[in-house]
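Paired with subunit B in one complex and with subunit C in the other, subunit A is shared by the two complexes that follow.
So, the complex of A and B:
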């Protein structure tokens, strides 16, 4: 058989469709939308994609078990303000950045931990468990700051969101690392196999000796931890702790994961698909924005695209059977 | 005798080339008559009832209902024709009231889709009184004992104006008193002209209740005879009377030390007081009828269901809180009954399924899967069990044939190097050739010193390959037969000995 084509096909099997869709849309935008192909705009797209990609990668893990994590935007807001507060309290700039970032990551992991325990130990659906933590912690963030932002962050902190490493913007470097690491975990490790097995069939997985609860618990740690990492970048870029940071991103995150070909019922999906899905959403936003399309109309079009890609996926799966 | 109420004429049905019903002809004679239907598991009773209920379509033959052709296309058709089914597993919503269950569709007094609880409750009270029970119709089904729930189901059938009621193993979950109550009602219905088909393993009940008994074996009706002329012994020999026509590769073995011992094990409700031991190098059969508690026992031993009391010993050491992960580490494998739900990840590839129970051993640096070893291990098993797959890394488990799927389940466990196998119906839904291969593999494992518990409801295969057979009946161990004493009648007698 055609070995080369097959291996590429396998790499992208689930997400090939999304990739093709993305390339076509990208090409049209390059040709038809005036300022789209401008290098500044393209870099801008990549930097904007960074947040969404990292958040969506985390969400992909939870989706693998047919769950959802609504608390990601609450994590963003709470860690942003609490991390900013820690940084303004510590005197030494480098130490303050270090402790601030560590604290932000800790908050994400802690909330992920709460979600994971609620889902595995109290057997609550993730839909409910994470909706509760979302309300609790975003409420907490707003109450703590009374909706105000916290500025005056140490100078070195801005490097994470605005700096460059050998000419490449830091958010892009971090995002690339996250995509590679999570793809490795999901597609190349024992834990990844556990995740696929648990998402496909709990009972078979359990009888085959796979630690179901521990695996599901880890999914929420991934989601919480990656949200926190994304929050670090966002806070750094905006230069202030904001209690409502990323508040409107939830639908884009879920959209990116679904467009990327990850099954809503669990058991199949891929990190690369999610990453492409995220970039596609940003490109869509950007191109329509440049065309002067109303923001509300952009949202409607995004919804239409999710339906379209999902429909194509359904047709593809039906054809395969 | 007047015209038959229901007559099945030369009904045949095949599933993917395997004929499960062959020229079945049976009749329910006269209004108010009761026909007993008996046969081993897999004899074709359920298929026959599913055809009658419109769930399955027959391939050939005709059904006459009161002399007119009856061709049900769906369960709705059967309902409209006045045929009701009371299943072993009751079809009630336990979170609803009696009245709500009775009138799920066609609620009396409802207008524009708005329910009239007054009318419903009044009708429900009448329906329940008809089966001899005076109870508030707004009682939640959840709070009723099993016998009472069955009465609700029967009342439901009557409220649907059923002329023929089919009972499928109605007494399995009833206590003696409830059973007597049920029989009183059945006799009362018979007097009122409602005809019934009564399916049960409890032959005494069948002989006591029914006017006629039809015996089904391997998809054929062996006979339909008046109950007063039949004895239990006649019926048992009709049910099993066949020669072993398949080859079973029995190998004499030399049992060694006791590997697994179970002492007075009680489950939550499916089984109680089970004790047995498995020695190295022997294949021990576990026979029982459907619902005898065999799978539940295996599930409990493997730590999937809770154990109420009793102990398990592995190599003489007491096992506390057993769980699949722990058993796998100790070399105990569990080939589950249901490939689709418990054995395989159906949409995943053959290779992924084969290494599933042994993933921990494949973890290398950073937990990365040792891909070359995965490739080698799975290839070795495919070769050893001659699993037919065109590409193990691409073909999904669901696209394999039943026999090959089962081999993948067995192969998955072989990779964990077990010494004890709990094998629950390892040959179910597998063709004859693959069955033979599976028996041979089990033999080879036993010869290598493994202990195998072979759970099956097919007597022939147990007699063919086992060294001794344990028989479970209604949740407890009814007896044990050594190879010299293997006998189908004896096995069946033991299996029904505790059914009452």
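So, the complex of A and C:
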């Protein structure tokens, strides 16, 4: 019985289950969905996964503490329009790209900082704190632009979203770097161990001398910074600053993290699992689109998959106990 | 466990190398803004009928108003090897990236419903849309004549759509120009930005009617917002039939079923009619023919039509709300 439970626990362990599910689904799509295996389509899948993977990596950090960051879509919109405005104001193309991107990253980090301070200092639940910043900053983006988009971005800026480095699309290169760096931080550093400890049990972490507030603050900083980086890629790919950028992405971000095996109650999770979860969502969208399935059916299927994986997570946790 | 994953991985890689897609017959990619309103369904009806008539496969995608998603969908269509792309774009600036991608793949890009100018590196093959400026001017001239005839001064609440929508800018422009020419009887009291969001429209209209009881005319940029407007007027006790005390003139745009019904109920004086079925049909037909080598001239701007109480039975048939 114990052996059975252990093997069930191993099978259901977050990222393994996601990887198996992904490979099976990918295989079936290859065999059954016409044009899915077209190299251009596969490249598109990877490029389109880039934003979602980076955003989901940031969200994974917040999930590790049993929290959530609703402000990511507001960060995308605000940084997109303000960064675009900076770029259109600075004359020199390269300088404008540098200052625009720096400003976009600063906005993400600043909002992450506000979220972190609100959660740690005011002891506000993350879903309330980030919902408030979401409303404030998405409102600010719309007010600033009157919901209009900002075009005329410098040509070199498009390299980030549409350029290639040794033949590999830039979004894929950046995403790979982000996944490796965040996985290293989470799984191979002292900060990573602190994050797991704080997410598992605050009291035990405190007794162990772990700086809880500082650790939680950093989670929101990661989320804000990575949202900003994703926004840079998205703005570059779109060629315009848009106040409503990424407004439909929140469900996919949460879905990628949950499907990737990160516990919604905190304390367990993996960056690789999240990355696979994000690619799985894009593959699901892509393959069902190719099959001509309506978008509302696709949304329903994604919802069902999230419920299924969350349910398996509960089973896994029960197996561990 | 590791063995299982390794086997699955190996099979997936082999499949990716060995199973190419079979050659398919020609198809046209259709990238829509949304399908959450009968207006879009009216366009889609024209698109579907054209696809059937021409015997061409249509790959239809909707982006739910997300410009980034729309560009990704068009990238997917190019990867699928469509012979042309028809697009009701979400954002006039970001769509240029998709047009460039179509140009690079030598696939003609045809716009539908929203006009788009070619740029130096993004060439549009053709397009069809309602001339929103001309239609707005036509409708507002009709309304100015109506007000003069009835010795009214119009204090207008304008419910504005998303400002990234080219049509919205043209509707605002058309309204402003007629207002300028008729400043003795038409005045703008308040503009409410709705971003095509019903909750925002309802809240904005409710607040405006409360703050400015002098409002006696609501001009909305789409009759998608009509339900929210009627709710706000009902809350203010001002949704009354034409001619009754406290009646507020409501000017819906595009001609859906709700606005036609409200006209039949004698609550609405007029609506701006758009032949969206024809737009969808002609866009697909043009995309198909251009992909087959036919040359098309300048894009088409349809002037639309005004549906009023006096021509209701004759013109309402053309509105998509009557399909």
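To be clear about the criterion, the second predicted complex is superposed on the first by the 301 of 321 C-alpha atoms of A that agree within 3 Å, B and C clash if a C-alpha of one lies under 4 Å from a C-alpha of the other, contacts with A are read in each partner's own complex, and residues count from 1 in each chain.
Criterion: contacts are C-beta pairs under 8 Å (C-beta built on N, C-alpha and C of every residue); 3 or more make two chains touch, one makes a residue touch a chain.
Note that this is a predicted model, so its numbers are computed, not measured.
Considered on the superposed subunit A, subunit B and subunit C are sterically compatible, since they fit side by side. Residue contacts after overlaying the shared chain place A:204 against subunit B, while subunit C stays out of touching range. Of the two partner chains placed by superposition, only subunit C is touched by A:246; subunit B is not. When the shared chain is aligned, subunit B comes close enough to touch A:188, but subunit C does not.
Rounded to the nearest 10, the superposed model shows the Cα centres of subunit B and subunit C diverging by 130 degrees about the centre of subunit A.
Subunit A has more of its residues touched by C than by the other of subunit B and subunit C. By the document's definition of touching, of the two partners only subunit C reaches A:20; subunit B does not.
Judged by the touch definition given at the top, the superposed model places A:268 against subunit B, while subunit C stays out of reach. Contacts of A:237 after superposition: subunit C is touched, whereas subunit B is not reached. Residue contacts after overlaying the shared chain place A:41 against subunit C, while subunit B stays out of touching range. Here subunit B and subunit C sit at a least CA-CA distance of 17 Å once the structures share a frame through chain A.
In the superposition on the C-alpha atoms of chain A, the part of subunit A touched by subunit B in one complex and by subunit C in the other spans residues 10.
Residues 1, 4-5, 8-9, 11-12, 15-16, 19-22, 24, 35, 59-62, 64-69, 71-73, 75-76, 78-81, 91-94, 96-97, 162-164, 193, 195 of subunit C touch subunit A in their complex. By the touch rule above, subunit B contacts subunit A in their complex via residues 302, 304, 324-325, 327-329, 334, 336, 341-348, 352, 355-357, 359-360, 362-363, 366-369, 394, 412. Across the complex, subunit A meets subunit B through its residues 10, 184-185, 188-194, 196-197, 200-201, 203-211, 267-268.
Those residues of subunit A lying in contact with subunit C across their complex are 10-11, 16, 19-20, 23-24, 26-27, 30-31, 34-38, 40-44, 47-48, 51, 142, 145-151, 158, 162, 234, 237-240, 242, 244-248, 286, 289-290, 292, 295.
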